[in-house]
Each structure stands twice: as C-alpha cells, then as structure tokens.
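Structure, as structure tokens:
A, B, C and D are the chain letters, set down in written order, and residue numbers restart from 1 in every chain.
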Amino acid sequence: MANDRFLRPALLFTSINDNLPTFMLSLFVTLIMVTGGIDIQVSSLVGLTSITIGVAWQDFGLPIWGAVGLAFVLVTLCGALSGFLIAYCRVQAMVVTLGGSFLFSGMALLVSTLSKTESYLGISGFPEDFRFVGTYDVGGVIPIQIFIYALMLVVAFILLHKTKYGRKIFLTGVNQSAAEYSGINTRRVIMSTYILSAIAAAIAGTVTTAYLGTSRSDLGGDLTMDIITAVVLGGTLSTGGKGSIVGTALASFLIAFLRFGLPLCFKISTQYLDIPVGILLVAVIVGRSAAGVGGFGPWLRSLLPGKGSDKARSVSK
Amino acid sequence: GGGGGDAEEPAGDDAAEGGSVEGLTVAFIPKVTGNAFFESANDGAQEYAGKWGMTVDYIGDAEASVTAQVSVINQAVANGADAICISTVDASGVSDALKEAAAAGVVVATWDSDANPEDRTLMVSQGTPDILADMLIEMSVAGLEQRGIDPANDPVTYVWHYSQATVTDQNSWYEAAQAKIAEQYPNWENVHENYYSNQDAELAITTGEAILDAFPEIDLIICNDSTALPGQLQAAENRGLTQDDITITGFASPQSVKAYCENGTIYNWGLWDCAVQGAMGCYCAAYIAAGNTVKVGDTISIPEIGDVTVEANDSIAEGVETAEENNGVVLLPERLIFTSENMNDYNF
Amino acid sequence: MQIVKKLLHARGLTSLLFLIALFVIVGIINPSFLSPSNIAACFNTSVVYTLVAVGMAFTLFTGNLDVSIGSNLGLVAAVVGSMLRDGQPLMLAVLVGLLIGAVIGLVNAWGVAVMGAPALIFTLGVNGILRGIMYVYTNGAWVENLPKEFKDFSSVTAVGDLTVYYCVTILAVVGIHFLLTRTRRGRYFQAVGDNDQGATLVGLPTLQTKVLAYVICGVMAAIAGIIFASRIGFVTPQSGDGYEMKAIAACVLGGVSLLGGVGTVLGSAIGAVIMASISYLLVFMGFSSNYDNAITGVILIVIVVADALIQHRSMVKNRRARLMARVSQDDAADAGAEKGGDAK
Amino acid sequence: MANEPSKIAQEAQPQVSKKKDVLLSVRDIHKSFGTNHVLKGISLDLRPGEVLALIGGNGAGKSTLMKIVMGIYGPDSGEVYIDNEKVDVSNPKVALEHSIYMVPQEPMLFPNMTVRENVTIGFNARQADLDRELMEVMDQIGWHLDPDRKASTLSIAEQGMVEILRGMMRHSEVLILDEPTSALTFDEVNALFRVIEGLREKNIGIIYITHRLAEVFQIATSVSILRDGIVTMQGSTKDFTREDLVKGLLPPNAGSVKEAAAAQKREIDYTAKPVLELQNFSGYGFADVNLKVYPGEIVGLAGVIGAGRTEMATTIFGRDKVLGGKVLLDGKDITGLSTTAVIGEGVNYVPEDRFRDGLFRIRDVEENTTSALLAHGLGKFILGRKEAERVSQHYVDNFRTKVTGLTQEVGGLSGGNQQKIVIGRAFATNPRLVILDEPTRGIDAAARGDVYAVLQQLRETGVSILLISSDMEEVVELADRALTMFQGRINGEFVGDQITQDNLMSASFGVTGEARSA
C-alpha cells in the first residue's frame, strides 16, 4: 500500500463522513431513477434545509427541533412540488428539477436574507443536543451519522426491493402505461419518489449542519454529479426499470474512497481527481455495455455491482 | 502599510529553541482552486518554500464549499502534514475539522480568510475589512477625481458587483465600505442592491452590460471580485465607455486587468501581494510546527521576506481574545494600488 | 384557420412567443428596457449559449445527450486562448480548437453510439476528465491577455446593434434548420431519436447519424469556446462549467424533447436567448441579485409546465375530436356508410 | 412449385440445385439466445413469384429466422444466399441493398413523424414523386390514412397498415410479411391479399408468416412448417390439407387441442342479475351503449377497427372520461372510477396493444403476471413474494406458457407467450368480469386452443367475459351472445345460431340484418 494511513479505521470513517450527503441522497435518487426520472435538485435542498434550520432557530426563536421540523416540512413540500409537476403535468424530470435546483438554491439564499446574520457568515452556535447528531462518535470511533446512513440504507433497500411500493416503482419505470393498466397509480408513485428524495435531502442537510456546526444556504453545493454517478455506476438503468440500492451504496463508497484514497496514496492533487474518477466512470460504463453485448464475457459481468449476470445481459439500448 | 518594524524581542531566540522549517510539510489550502488569486499565492508559496527547504502541498477543491473544504482538511491531516495553512470558506463550518487537526498535532495557521481565532495559531492577514474598505473607497475617489468629479460634493451614483452573497471576505469589505461611505460621503447614492456574477466570467459580462444599460448615468461600479472586475470592464468596453465616462474599480490581479488599463477603460485597481502572503502563511505555519513559540509582540524574521510582528487578534476583529502564546495576527505589510504607471512591475 | 393552427403547433414558435412575452413583461415593469439596443444586447449575450444549445439539440434529436460540452468549451477556450496569447496564428488556433471539439465528439460517439453506454453517464465521465485535463493544461491559472484584435472582434456589430458573432450564428442556425427539415438526410437525426431500431430496419445509417450528432455537438461547443475566449478576453479553469445544463434547459425551453425525435434548432436557439438573458432582464426588473436563481428557476418551470400543459391539452383534444368524429350522429346510421371514414 | 414435394421432410431438402431462379435461400441456420437453442439448422428457398407461408407455433423461431435474413440478428452459423450469391447480411442495410424488405411483426414506426414521413424516409427519390406514389399505393390497396397524421396517434392496426405501405413502396424482390394481418379486419385482409396477388404476378418472392391456416390456402403457393427449431414439413400448398398442417404444427404426441376447446356452449341464466350492465354509456369514440353481461357468460363484441370497442373498454376501465350513462357491476355503480378502483371492484382488462399497455419487457414473468395484483393483494406493505410466485407459476402451468423460469424477462419471449402472460395477469386478480381486447392476436393455433380452453374453464367458476375481437371466427367459436359495434354504437345483437361469421361481418360494416339483401 502506498500509504498505510489509508487503512486506519478512523480515517475511513472520516472519508465516509465527508461524503455522507452524497451517500444519503444517492440512495433515494436511485428510486427516482428507477422510475425513469432524474433529480438534479436534491443538492440544493440540502442548503435550503440547513439555512431554514438556522434562521428558524436563531431568528424566529423556534426551539432547535422545531426548526428542524419546519425545515423538513418546507423541503418535503419542495420535493412534492417538483414531483407533482413531473408526475401530473408530465414535464420532463430533468427540466423540472433543473428549474428546481435554481429555484430552491435561490430560495435558500432568500431565506438567509431573513436572518440578522449576513448570508456569508453562516449561523453557528447550535446547542449540543442538536450537534450530537453530527458529532457524536459511537464507542468513540464510529460517527453517529454513519448509523443514520445505515438506517436510511436499510429503509431504502426494503422500500425498493421488499415492498409492493418498490415493485410499483420498478414497473412504473419500465412501462408507465402498462403500469397504469395494471391499476398502479403511477403518478402517485412517481411523485412519492421525489418526496422521499427531498426527505433524504432534509436528513442530509440536518446532519451536515450538525456536523459542521454552521447553517449555510450553499451547503450541498454541487453534489448532483456525484449522486448521479453513484446511482448509475451502481447499476441503475438511466432509462428506468432497473436498479439496486446495494449497487448504489457500493458505487458511492467506491467513489468516496477514490476521492479520498488517491490523493493519499499517490499524492494526486484534489483538483485533478476528476480525471481518475472520470476514467473510472467511463471505463466501468463502457465495460458494462460491452459485457451487455457479449464482448467481455460473464466474468466481467459478475464483477459489476447490481443484479446478477443474467440481468445485465438485457441491458441493451 | 500595516505592522512592520519595532521588534521588542529578537526572534532569533525562539527560533533557536525550536528549529528550522527545513524539511517540514505544510498543506496549503485555498478556498477554491483555479482562481487566479489563489493560484498566484501558491506560485509564491512554492517559490519561497524551495528557498526555505520546506515542502508546500497545495491541495484544495475546485468548488468553494465548506463540505469540500472540510474534506480537504481531513485529507491534509491524513496525509501527515506538519502544518496547515488555510484560507477558510466558512470559519464556523471548518471549526471542528481544524480543532481535530490541532488535536492530531497539526499546526493550523490561516491566511486571506480567517478561521475562528481559537482554532488557529497565526493569521497572515491582508488587512482588516476596514483597511480594505478604505482602500476601495480611496481608489474610487481617485477614479472619480481624475474625471473631474468632486467626490465630496457632487452627487455620485454607484453600485456593487461581486461574486456572491455567501462569500465571507468580499461581503465583509462591502459591509465595512458601505458604513464608511454613508459616513464620509453622504452624497453618494447606491442605486441598487448588489449584483452578483458567481465567478462566472460570461455572467459577469452580461450582468455588467445590464448594469450599464439599465443605469446609463451611473458614476461608479465597485467590483471587489477578481472575476467581476474584468467582466465589468469588458462590458464597459463593449459599450464604448472609458475611465472618463465611468469609474470602475475593485480587486483583481494586475495581469487580468492590464489590458483594460492600457485601453483606458479603468483608471486604477488594487490587490495585495498574494504571492508573498501565501509564502508568509506557509512559513508561519511551519515556524510554529518546528517547535517555536511566539507571543503577541514577538517578531518573526522570514528569510527573503523580512521581519514581521505578531499582533493581537483584536487588530482585525474587535473584541476577540488572544491566547497566551502561539496565537495572533501578522499583517501583510503591503497592499498595492495599480495604475498604468506601475502595473507592469508585477507578474501575477 | 388551418394555418394558424399549424403555426401554433410549430413548437419553435411558441417559444418565440414566450420570449416576446418575457420582453413585454420586463418592458411593462421598466419601459426603458424596450430599446433596440437593449433587446439586441439580449441576443448578443446569448451567442455562446445558442451555439452550445444548437449542438446539444443534435444529440437530443438522436435521443442522446452530451453533458461534456461545458468542459469541452472551457478546454477549447483555454487552448485557443493560450495559443493566441503565445502569438500563434489565428487560423491555426481555431483549427486546433475545432479539432479538439471534433475529437471529443468522436470519443463520446464511440462510448455512446458504438459501445452503447448510457449517454448521460458516459459524457459525464468525459466531462470530468476534460475538466481535469484543463486544470493540468492551465496549471490552474487563468489564460489572460488575449490579443486585442481577437477580443475586439467580439463587439463588432453587423446589423443594427447585433454583433457579427450573433448574426453569423443565427444565419448558420437558420441554415441548419432548413438542412434538417428540408433535406432527406436532415430528417435522419430525428428519425434515429424517434425509433432507432425502426431506423435501422428501414436502412437509415443509424450509427453514422449518432456519431455525426456527437461530432457536430463537440464542434459547436468548440466554436462556442473560441467565441467565449474572444468575448471574455480571459479564460478561467472553471470556464464553461454548468453550460451543459443551461444548454439542455435552453433546448427544452425551445421545445426539444429529451426523449429524442422532437424539436427544432430554431427553437433551441430561442431557448438559448431566454436562458442567457434572464440575468440581464432581472437587472431591468429591479430585482436584487439575491433573486437571480429563484426567478430563473420560476421562469424555467413556468415555461416548461405551461408548454407541457398546452401540448398535452392539444393532444388530448385532437384525440377526442378524432374519436368523436367516428361516432355516427344518430342511431339510424345509414346502412352502407363509407367504411373509409373509420381510419381517419 | 417445389420440384419434389415431400410431405414430411425431416431435414432440409437435400442440396437444392442452384438454379438461377432462387431469389433467396438460407442454409443450415443455427441460432441460440443464451441456452435457448431456437433455430437448429434451418434451410429454405424462395423463388420468384412464390408466396411461401411460414407457419409454426409461438416461439418456433419464425421471426428470428426472418430477422437473421434481414441482418437484425447474426446467425450462430449457416449461410444466406441472395440470387445464388453468398451474402454476409450483417445489418439491415445490406438486406435492403439486396432488395429484401421485411414488414416486422411489431410495427416499428417513428412516433413523432407523420405517416408520409414514416413511409417515405430512407428513399432516395424526390419527395414529390414519393408522395405521388404513396397516394397511388393507398388507392390501389384501398386504405386511406391521412398522410399528415403523426404516427403516435395511430391505432395498432393503423400502424400495421403503415408498415405494409412501407413494404409496398419498397419494390423489393423479396418481401417478408411477419403476421401482417393479425390486427387487420376481413376487408383489409382481402385488400392486402389482392395486392400480394399483384406482386406475385410481378415475380416477386414473398415470405408470409401467419397463424391463420385459412390464409395459407388462400394466398400461399408453398408452405414451410417450423417446429422445435427445424423445418418439419415443406412443400407446395396444394399438396397439403388443413389437417396435415395442424398435424405438422403440433408436437407428435399431442392430442387435438382444438377439440378440447370447442366445448359446447353452456346454458346461461338470463334471469339472473347481470354482472355488467352499461346504460346509455357514452364516451369519446362511442355513444349510447346499452349492454348486459350475465354471470358465466362470454359476450363477443365484434366490429371493424375504429368502431370504438377499445375506447369503450378503456373508458369502463377508468382510462378516459365518461361522457354519459352508467356502468353497473353487480348492480353497483362503478362509473368513472379509477383503474385501481375498477380492478378492486372486480373488473380487469387485457389491452389490445400489448407492447404499449401490457408488457414490462425488461422485468420477469412473475413481476408481469402479478402487476395488477399489487393494487389490492400480495400483502399490505411488504411484498408477498411466495404468493406472487405461486400465482405466476399457476398461470404459466395453466396456459402452458413457454418460459425458462419465473425469472425470465418477458422481452425475450415470443409474441404468443407474451400474450399469455398478459392474459394471465388479468385473471390473476380474481375478477368478476374480464374484458379481453383482441386476446388471441398473434397467437398460434395451439396457444389459441389453450386460451380458449382456459376461458371456458374460467367461466365455469362464474367469471364473465366481454370478448372484443375482430376475428369473427373466434367470436363464433366462443361467444354465447354476440354484439356488433359500428361507428361507436351497438348495432346488432345475435344469439345462438344467429352468431355466424356472415351476420357478424355484415353488421360490423353497418349492414343490419334486414337491409343486407340490398
């Protein structure tokens, strides 16, 4: 190993910790992408959550958990709005959520102007019992938010793979019309996935705010690309109908370790990381497509995350 | 100039106790990579580091976000840096990460944009918001005067154009300058809330043109952002305006604005020697990491650059305590105002 | 009546109406906006967006997309900029720039059309790689001090207050529009996007068409990069960041479907004007820049939602009208009623 | 035609002499999909002026063979000769260049293009000439589609017509028609046959795939039967009887499936309360429909394409707005309920366009079969996998669906098997009434027999069936009572012996019983 520090558990946790918003969001964006949609607004909802918590707590005088509740309600409504427009007004998801990413980051900024604290400062000084959710280390080693993530992972997994709701998500993604004829309320299913991803954004925003101890409107920044990368790398079909939570989780870990490990092991400067990560993405995706048309044989397929090899075969255009 | 000269104690004593910076590694963390300001600072730091025999690792993220920066800090610690010299995106956001770094035995120093004073040792500051606000006003006044406008009595309309409402330093200069203008030049009228161009060069031009079209009579545009200033100048050039029609000033590197000065679009603009600032920051961080202790009033003599004095924290932020030792502020001695006269003397 | 109906169905035209409505609203809020020079400014500002949006439209037509154009644009701007700064001849620099764009297009085409990788993800990866290469190439520094003549050309006007760049661009777009709609090969792009298996079956050069779309998109982004460098006068390592999303938004505003097969380049050019001039218009509306993002979002959402609803309603109405026409008017349906009418 | 008509040719004919007049021949074609060995050495010849009927059960590999000829799939081994020259048909372009054209089984139109563009795209001639020719072809064949209509607005049958028009315009030397008539009505089929006749006279070779044995004798000059991956019979049509073909199609040991299906009609209690009652039911595409379906009854609803039957069914099923009237299920008003609710009340529907509205192609057999159960069954929140598997297995067994397992993706099944899956879904919800919309379209005789048997068996349990079909033969065979719809209105009702193809046909065209003599 080029750098044995990389193997220290605390460091592993740190690297996970720093990427947690991406991890959390990609889980529920998987549901959306399985329905055939896409969500490029969730990252802006992270900032909206954070600043709402800060402003509501500091300037509206709400108790901290009341502020968190308010943020959850607001963000869920934002998700519901986009979900509604996509599901019921039949607007392409990419466009609505692109608009949403502008709108909600703009809203976050406007919320920040309601505060007596200038938007550039960030609201800090949160009470300990709030910061707990971002800073407490279970057993002194494992950050508590990893448990929160694990819980979200389990919930997402069960929802998508074990419930009727999850089955409806898959069917809606494959053929919405056929799903409708099967009596599935596809509009409701689609809308609900955007709400779920907004709720995930609210959780991620809360945890990040607690972790950093500061409430800012621009938190979450530009996670979009990482999220989508993780979801698709994890085996979700970008046209919908196939995908797996475990695949997404593994892919997001892989990206995180690359981003954290490469600079550590090979002293690659962070700003150049886009190159190896991009190459990985391109290589995996091409490899998978090649395997799909029978180019590399089954062994390669079996290496890939996602469902078994028999499923990968039919992932054709 | 800021703090210079009068040393009460020769720095040599401390340096002898501790050690030299040779062989140490400093992680030099900008707010964002790919920005002319930070890249110049890195160039400076690398250049001096070579002379001092220490290593400067320039690591940062292409995105100016707290989350990304926290990740970079953790990475620096994991990498085994002896010290960190950082320009923070958000002081409270990186607070925990810096505390953890310190707990892991990594010396934390800051430059350009400060952390919470208790989270770091030394801060190499380009000046307080007040100093920089004064500088912006001074440049504006000079620009207006050379057009024959009396800044003290003539009605002056102006507006601000910089990067974002969420960046710390630019907003703090804006706040300070607004207060001073209201006090010193009540005849100046800010015609609109600030314009932001998100460090997007094309947006800077579009916004710049819109400002000029929507307020054709405007006298002064202050662009305290290194992308907004050239963008605004290009917009003025596109509209055929020169330094005799409108005063545009702000902060940007001499290279990026030189052409607009040559063709008469801008009269003056400013910056500080960020190359030296970066180098100083890294040196101070390494200096303490080498085992030296400094107190307020001590002098650190930086080879090739000169002697600097450690001042109390409240010299840049009011009412902030300063710890017994290894805590304080070093002011960058020199801020620069560029005009056609001197702009060719600098190559950053 | 028939003509009016047809015009309303020309989706590019409804985006033009949106644009006019936007101008009128701004004009009502701030009458001083309504001057030829200000309106021209909106168009001039949009030249880079127009180029990338038209390029993007090609890939969207074929049912793919290209999110690498942002970095493509930036890289070409940096390379061309630095060559010019170092005194290389303009023609050579432009040639190199176009070549880079074409090569990037080919790489994307290889991944997506030949290897069958999902377009969004493949081009996303390429985008990252290109951005990284750009950092390596520029060493993170700005490319500054481009030659004065190169920069100054960006403000030369041709027709009224419209710049040469915009006029040439829009003429080219109109030309492309006619090629696409009036020539046999032009229709292939949308046919492939509409049903690529069907296109293969009737013998259309499916692969070749997809490759061509990516190369065109890459070259358009390269041209946009060169004009970007000329307009701005300096190139930062972040140049072009986020343009891919704006280009997609512009296309959608102009009525191009992300599902392939639908839309016109004229529409996407108009969408580009809307996207590019929002910031400009906001200044005239007197909003604080704090509202920029929120209002951009609202405009984008309102336009696409309104459009989707209008389209959907007209589709449903047509379908229902057609169905109703089949139903005979009275029970005593005359015996030998023409059966041909059924199919209509 | 064939030089030595052999009734049972176990393998391909021994090395056909390479006469000049063979347009197309395939030799020893093998093709597997994964472990599914579909074609095990197929050889065929096509001569000018020959209409070769290619028949075989669902999944026999007819479409696969034709796709290999077209260059859509590559064969695992074997050769394709065109005009006696070996050709490597690597993609459809090569086939088209050699003047081969295939009208695919499932229409592959450009949904956002007009009918005109759909037909004329890919030609090199001037657009004006093409337009004129298109008009001529449409006149000749007697179909009139508005050339400016967008393909996405076409019904499945109209899409099929556009595909055939494309084929006519191609002037190919070899024309492959893969089940062209499955969505067409009697009249349209006849029009098509006239055209095929014309082409045959022009010495064009035609491969005609169908499941309707009657058509074989009507149009084909020779016939080949595909079974278990090999050609089991081939020769001139005149040398075969219908029974020969049926025998050739069935597995050697199978009893007569037809027999089982043709169970005698049951007595229906017409005094009982109707399961379904429509009262002056109106919607888009139909008006003032009054009809009753009694318990255990199969009511046939015949008509020509565009008569409004599908619209009526989908409106009952909650897919479109009701304009007037009532739908009563067991006396309960279910007018205007959502699809989910309608399924919950005990109605299910088998859509006519199985690709658009029926199948989840990239999901497996189990998921497809149980999709309609999700609304009200299979557990409260957590999915009842066991139950889902049991139900799916039940329908796979009952319908003798040819699948490798419940986890096979349905996209890879043959058309007939896909249809069985969709029908299985409708019955899986234990409905009171199932509306079947063209249920046996594209289904082979054996499978059709299976489906008929299943329908008979199901109604024994009291399920009522509203059978929408353009196949009059099917209505005659199955229906206890038959209605016809013409231009959106019910215009005839037939009971018992009155249900004849003749009666249904004329009523479907708007000629009522009394007026028919005219």
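The definition used in the following text is that a contact is a pair of C-beta atoms (placed from the backbone, for glycine too) under 8 Å apart; a residue touches a chain by one contact, two chains touch by 3 or more.
Here the structure is a predicted model, which is why all the values come from computation and not from measurement.
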Query raised in the report: Among the chains in this structure, which pair is joined by the largest number of C-beta pairs in contact?
Result: A-C
Requested in this report: Look at all chain centres (mean of CA atoms) and spot the one farthest from the centre of chain B.
Outcome: D
Report task. Round to the nearest whole Å and give the separation of the Cα centres of chain C and chain D. Result -> 42
Query - Chain centre separation (chain A, chain C; CA means) in Å - result: 29
Query - Between chain D and chain A, distance of the C-alpha-averaged centres to the nearest whole Å - result: 45
Requested in this report: Please list all residues of chain A that touch 2 or more other chains.
Outcome: 109, 113, 237, 271, 274
Requested in this report: Would you pick out the residues of chain B that each touch at least 2 other chains?
Outcome: 33-34, 62, 165
Query raised in the report: Where in chain C do residues touch two or more other chains at once?
Result: 131, 135, 140, 290, 292
**Report entry** Parts of chain C lying in touch with chain D, wherever the complex brings them together
**Finding:** 184, 187-188, 190-191, 194-195, 197-205, 261-262, 318-320, 322-324, 326-328, 331, 333-337, 339-340, 342-344
Query raised in the report: Any idea which chain D residues touch chain A in the complex?
Result: 34, 317, 319, 338-340, 342-344, 349, 351, 356-363, 367, 371-372, 374-376, 378-379, 381-383, 407, 409, 411-412, 425
Report summary line: In their shared complex, chain A is touched by residues of chain C numbered 111, 115-122, 124-133, 135-136, 140, 196, 245, 248-249, 252, 257-259, 290-298, 300-301, 304-305, 308-309, 312
Query - Of all residues in chain D, those that touch chain C in their complex - result: 70, 72, 91-93, 96-97, 102, 104, 108-113, 117, 121-124, 127, 142-146, 153, 158, 161, 166, 187, 284-288, 304-308, 311, 486-489, 491, 509-512, 515, 518
Report task. Write out the stretch or stretches of chain A touching chain D in their complex. Result -> 158, 162-168, 170-171, 174-175, 177-185, 237, 241-242, 310-311, 313-314
